[in-house]
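You will see chain A twice below: alongside chain B first, and alongside chain C after that.
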Partner chain A sequence: MTKLRPKAESQGEGPDGGYGWVLVGALFVSTSLVFGLMRSLGIFFVEFVQYFDESAQAISWISSTGLAAQQFFSPLGAALCNAYDTRWVVMTGGCLAALGLILASQATCLVHLYLTMGVISGLGWGLVFTPMVATVMANFTRRRTLALGLAFSSIGLSSFAFNPLFQLLVELYTWRGALLILGGLSLNIVPCGALIGPQRRSKAPAKVVSESGVSCASFLQRASSYLELPLLFERPYITYTLAISLLNVGYFVPYFHLVAHSRQVGFSEYQAAFVMSAAGATDILGRIASGWFSDLGHFRLIHLLSVWTTLAGVFIMLLPVSSLSGSYAALMVISLLYGFCSGALTSLVFAVVPMIVGVERMMGALGLLQLIESGAGLLGAPLSGLLKDITGDYTASFMVCGGFVVLGTLTMVTLPHYFSRKDPPPPKSLSPEDPDKGLHAELEQMHSSPSDMNDLTGEVTNNRLPEDTYS
Partner chain B sequence: MSASWKQLSLQILLLLVSCRHINTKTPGPTPPPRIPIDQLPTDVRSVALKGESHTEKVELLNPVNLALECTWTGNQDKLANITGLWRKDGEEVKNSNQTVPMENDQYHLKRVFSILNEEDLGSYTCEFGSKAKIDFVLAAPQIGDVRDKPIISYLGDFAVITCKMEETKPEPSTWYWYKANGTDKEQIIAAEEPLRYEIKNEERNTKLVVSSLVEADGGLYFCGAVYAISTSMSHVELKVISFLEPLKPFVAIVIAVIVLVAIILLYEKSQSKKNSTAADNGTTDQTNTLTQGESNGPGESSSMRQRKV
Partner chain C sequence: MIPGKRRAAVMSFSLAIIGALLLQTVSSQNEPSIASSDHTSLPVEGDSYLLQCNLTSAHSVHQESYWMKNGEEIAETRSPNRNTEYFLKKPRGDAAGVYMCVYTFETAPPANATIEVKSAPDIIGHKRSENKNEGQVAVLYCKSTGYPYPIWNWRKFDNGFPREIDNSSGRFTISSRDNYTELHIANLDINLDPGEYHCNATNMLGTRDEKIVLRVRSNLAPLWPLLGVLAEIIILIVIIVVYEKRKKPDDLQDDDDHAGPVKTNSTNNHKDKNLRQRNTN
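Here is the complex of A and B:
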């Protein structure tokens, strides 16, 4: 019976196809314009150092501010999507990101850059990323991880494309003109947001009956439900967030320090850069492969995530060991494996969230997760830098970071129902269970336009166990 | 009145006489005071030639009495005597033509040259007949990394042009900047126009900051690393563009984005209009007017009903 069922899942969480893939394309483009752009900003740093006559560290704060702002404003973006239409939030975010870059092209001092490229663009990016990821996840069930993997592969691919492109723009128009054109490119996020389609669901407001107009208490109550703050009191969510934060401390570090470590061990600049590029290539591969494999359904997503994070942690710890022998091949192999595992785990990190909190609270959950993990991420690079300064080489810092990653896996093991073969049911929502209502909702689902899928997911989830179709 | 006229004409005459001796050819720093030749330090460079020719680079900082020595083992002819000759930049040095005897199976040429200023630098060649020669290229330290791409900046903005002498080469005593004016170079004196030019010199680096750019500021700029013996030059091109240049692709992208968004929103409106009119006609029509993802619609409903049962 189950085999007759087409791609669209009867549990009705997402149609798994068709318009969903259009949204994956939109997520692909917007992710590349957010994170791919952030990763390629290094080209501008040389220009900034020369023009503003500032130290490299002061200039590097620009991208740190941008990333921190993106993660800090993620819950805000999630809350706004819960309150209003997702598409307008994303379109506004796109406009803000573009505005930040356009204003940055007129900057006359470093503080201007912090405020424009850092805060304004970061706010825009925060309003874009989490809502788009949540929307794509809501539109897929069985192919969710593959959809995410395909979309996140854009980060690696676009940084390959953007590096030479930005270099060309800087050569033709110098950094001011290049930033202006980047602002224009960032505006392409707006059509991506427009593709989301109008929503007619009423999410969090349904939970809170707001009788009084604008009173402080009711506003705070609504805000807290939009932000999904009650999640912070649920043990599974806290455990998972803690695990991902620990993961975040260590997992980025090799990207910062691998080149420096390779040079220190004695390889040439060209060899070190090549190791980095190779790790980047396997990262892209890992995202897509892990997405495809996870969706085959042989294992629970949480188990796969644990495997990838453990492997990533182990390979991070092996990185300094492999280069001890001075063999370039060993370093290259471990780096390739590390790249693959770190890409593999990124596809899964977000996909596990709806398993824990349910699809309807996913938006706010993702926002809070981004915020909390950002703090951990800020720790990682300075900590490893400090360890390197104290001990003189990167062995200790890689070991500690790998240790954090493995610690994250161990924390994940403490999730409830970790060792059961099937996923536990996600927490029920507050609306009453009504089997008839559920059937009616399913019939409605077929008659409505694809972009309306979001509003029915909440109602139908209650009546289904997510993974039981796999058995 | 005639006395004052006489005085004036005498002054003019004196002025004309002294004017003839003013050298207008080379702008830039005044040449260093000439030290008497016998007080110069001495240095020796010697090369033993194995094949037929060899080029030796000699880096000089200060005026020096340089002794150049050439030694040649000769070829299969093994002549007892051979004519030796010195050339500077291809032209024969006067009284340098001599007969060189073979001693200990070698021919030996040596001459002392006074290298005082830039004119004395160049290529010195010792020739053995027309069979073998050694070139000595005398030069001040050259500026290594020359930026081949032009520096671009906007009208009204400022531009920073830098020149750097490598760590491996000796430091210059100071730096000068010149702007190309036709075929000449005009020295840039920051003190004359402090609002427009600023020169920051730090032993090995120099920075020229040109502010409030106008179109005429574009062109070639030369930085000169000054050594006692001469000045080494390097050039950088500055291009000044208006802000309209990047504005054109920017506006093109913005227009494309607006068009895309309009298309998406209009398409959606037309779809929802179709759906709402179809809804009046009945549910069966609705399933047919659905867009991409809903082709599974009918199949879905049947399987769902099966499951329910």
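Here is the complex of A and C:
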């Protein structure tokens, strides 16, 4: 391992390589145990429907709750990392996630599952994901996007691997035994968290130095600084968050509806499923390729992100058109391209955040971003389902979702300094000496590049919808 | 007996008989007669079989005719013809049963003729294997086609030899009805119950057997992989912690100025200076 240079530069640039790649591996494993696991929970749903004798809709709320909890508690995880040591937060999150699954194996009614697999595990996942992503991003500068792309490719790969694995576990041990074993597997997040060394704190607590005692006001002020609430008043951040939320409404809906749409157009079950798998495969490719390409440095990240999102939106809108002619090849090609673009933009979404808010505030920024865009994600699939119910086929819903994605790109264009050639300098870190001026200083430093998207969380939102067509 | 009275008795007796005979002829004349195809059994020669019914005589005007199979009307067979047919194209096992052509009349009760299409039983529905936990209830079932409805028999094969099911424990229940049979095993025992079960359907035309494998899972089975995973995790954590402790004295790096005064609410200020630095910013 190369020697790290721990000198904190004021720009917050991290070292590239060395131990950072170990952290990428840790992120790979923990992301697969969070999102890969969430995506493969569909195997259990069949068992739950039979065992608890409930409707598919009631059962699908389990994963919706889990995802919602993960996104809702993201700011909490970020704040805790700002306040305390990241490694303990992640390890606690891993333990909570495992605890939720182990308790779920003893569930006797559906509400138990909502509480355990939904809330407890979701809380655990929320404490794991954002901190780990922020840590990895902090450890890279020039290779940031590649690191993220490699780590996030785990989602696609693990959902390929987990689906048959979970099926096997359920057959061998029934769903209770399988959930128990999954809880154990989720504990693997704990060593991943342990790999994060103790952190240096170069932010927020500085503001509190002058405060003494634990008065309510001081606690609130500290909490708001840990949560990075002042970010909500910064125009670049808000613009980016809005763009990502718009993107989130639509960009993953095809994963939900592609199979149903293919079947409706007339292709067989296997053909439709194969289209999905192919899109998933190009998704993985897209993440890694875009990560590598972005780090070459030829273009600004925000420009690349805009390109990928525009292409993704266009391909979403083309999906119903391609199947109009009844040609399987056309549908396959468009789906492959869509998969590639949606994977490509995932790598970039998070990587852009430190450009906008600076590396110090990245943790909290990511947390808030996840929280806000989760609301948009909730909107996407029901809306498209509604459109399908009204119009009878998926053309309208694909068009609308593609429209949302393009709208998100247009919003991104309104970011300050969008059209400049080079990235604007990231906001300077707050100096510890003037805590009270912190807010104003932040407002002055709004030069950052566009924010990242929560595609990851968006992707998983798929699972929370009643139509579990996404594998 | 008075000779006159005997003659009267004989007269009235023969009158009664003649009357009954007359009544019978009259009524049989009133009853419609239907000429129908013969009973048959599957498989048939050629690829198909035609069921025919012809209403040869009837006293009241006939309305329409339709076909029924096993007591239920077959859709789209209603027609106003006296001569009605039902075509069995490539009949398979599920075509077997009791067919009836029914003629309805305006002013008389409907008349029908029965044609039986028999076949040897064929078991069409069964689960190849069943996995249950010990203590649970296992339900093994078999469905068949064929007519007449078969007699069902369940057997357990131990080491290739069939044995009748030993119900001394009272846990086994067999319920059979027409074309369907179920074997309920309550309170599964992991030692006695797993194995191969055969359901056997026999009727006058033939017999058929199907195999179902029952596996019983132990309730403690998932604990072993869980312990394995836990052991792996503990080993990993121990390795990581030991590695960090080893590196601790090697990585005496300078704190940057930010780290020092910044930490207020954490108590490991000094420890952090010694531990390997990771860039956080």
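Methods note: the second predicted complex is superposed on the first by the 416 of 471 C-alpha atoms of A that agree within 3 Å, B and C clash if a C-alpha of one lies under 4 Å from a C-alpha of the other, contacts with A are read in each partner's own complex, and residues count from 1 in each chain.
Methods note: a contact is a pair of C-beta atoms (placed from the backbone, for glycine too) under 8 Å apart; a residue touches a chain by one contact, two chains touch by 3 or more.
Since the model is a prediction, treat every value here as computed from it, not as a measurement.
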Which of chain B and chain C A:Tyr19 touches, first, second, both or neither: both
Chain B versus chain C as contact partner of A:Tyr51, first or second or both or neither: first
First (chain B), second (chain C), both or neither touched by A:Gly197: both
Partner chain(s) touched by A:Glu360 [first = chain B, second = chain C, both, neither]: second
Which superposed partner A:Gly184 touches (first chain B, second chain C, both, neither): both
Partner chain(s) touched by A:Ala138 [first = chain B, second = chain C, both, neither]: second
Chain B versus chain C as contact partner of A:Glu171, first or second or both or neither: both
Residues of chain A that lie at the interface with chain B and also at the interface with chain C: 4, 6-8, 15, 19, 171-174, 176-178, 180-181, 183-185, 187-188, 190-191, 194-195, 197-198
Chain A partner contacts - residues on chain C that touch it in the complex: 131, 133, 217, 221-223, 225-226, 229-230, 232-233, 236-237, 240-241, 244, 253-256, 258-259, 261-266, 268, 271-272, 275-281
Sites on chain A touched by chain C in the complex: 4, 6-8, 12-15, 19, 83-86, 135, 138-139, 171-174, 176-178, 180-181, 183-185, 187-188, 190-191, 194-203, 205-206, 208-209, 359-360, 362, 429, 432
Interface residues, chain B side, partner chain A - complex: 149, 152-154, 157, 160, 162, 241, 243, 245-247, 249-250, 253-254, 257, 260-261, 264-265, 268, 271-272, 275, 283, 286-287, 290-297, 299-301, 303-304, 306-308
Complex contact set, residues of chain A against chain B: 1, 4-8, 10, 15, 17-20, 22, 50-51, 91, 171-174, 176-178, 180-181, 183-185, 187-188, 190-191, 194-195, 197-198, 439, 442-443, 446-447, 449-451
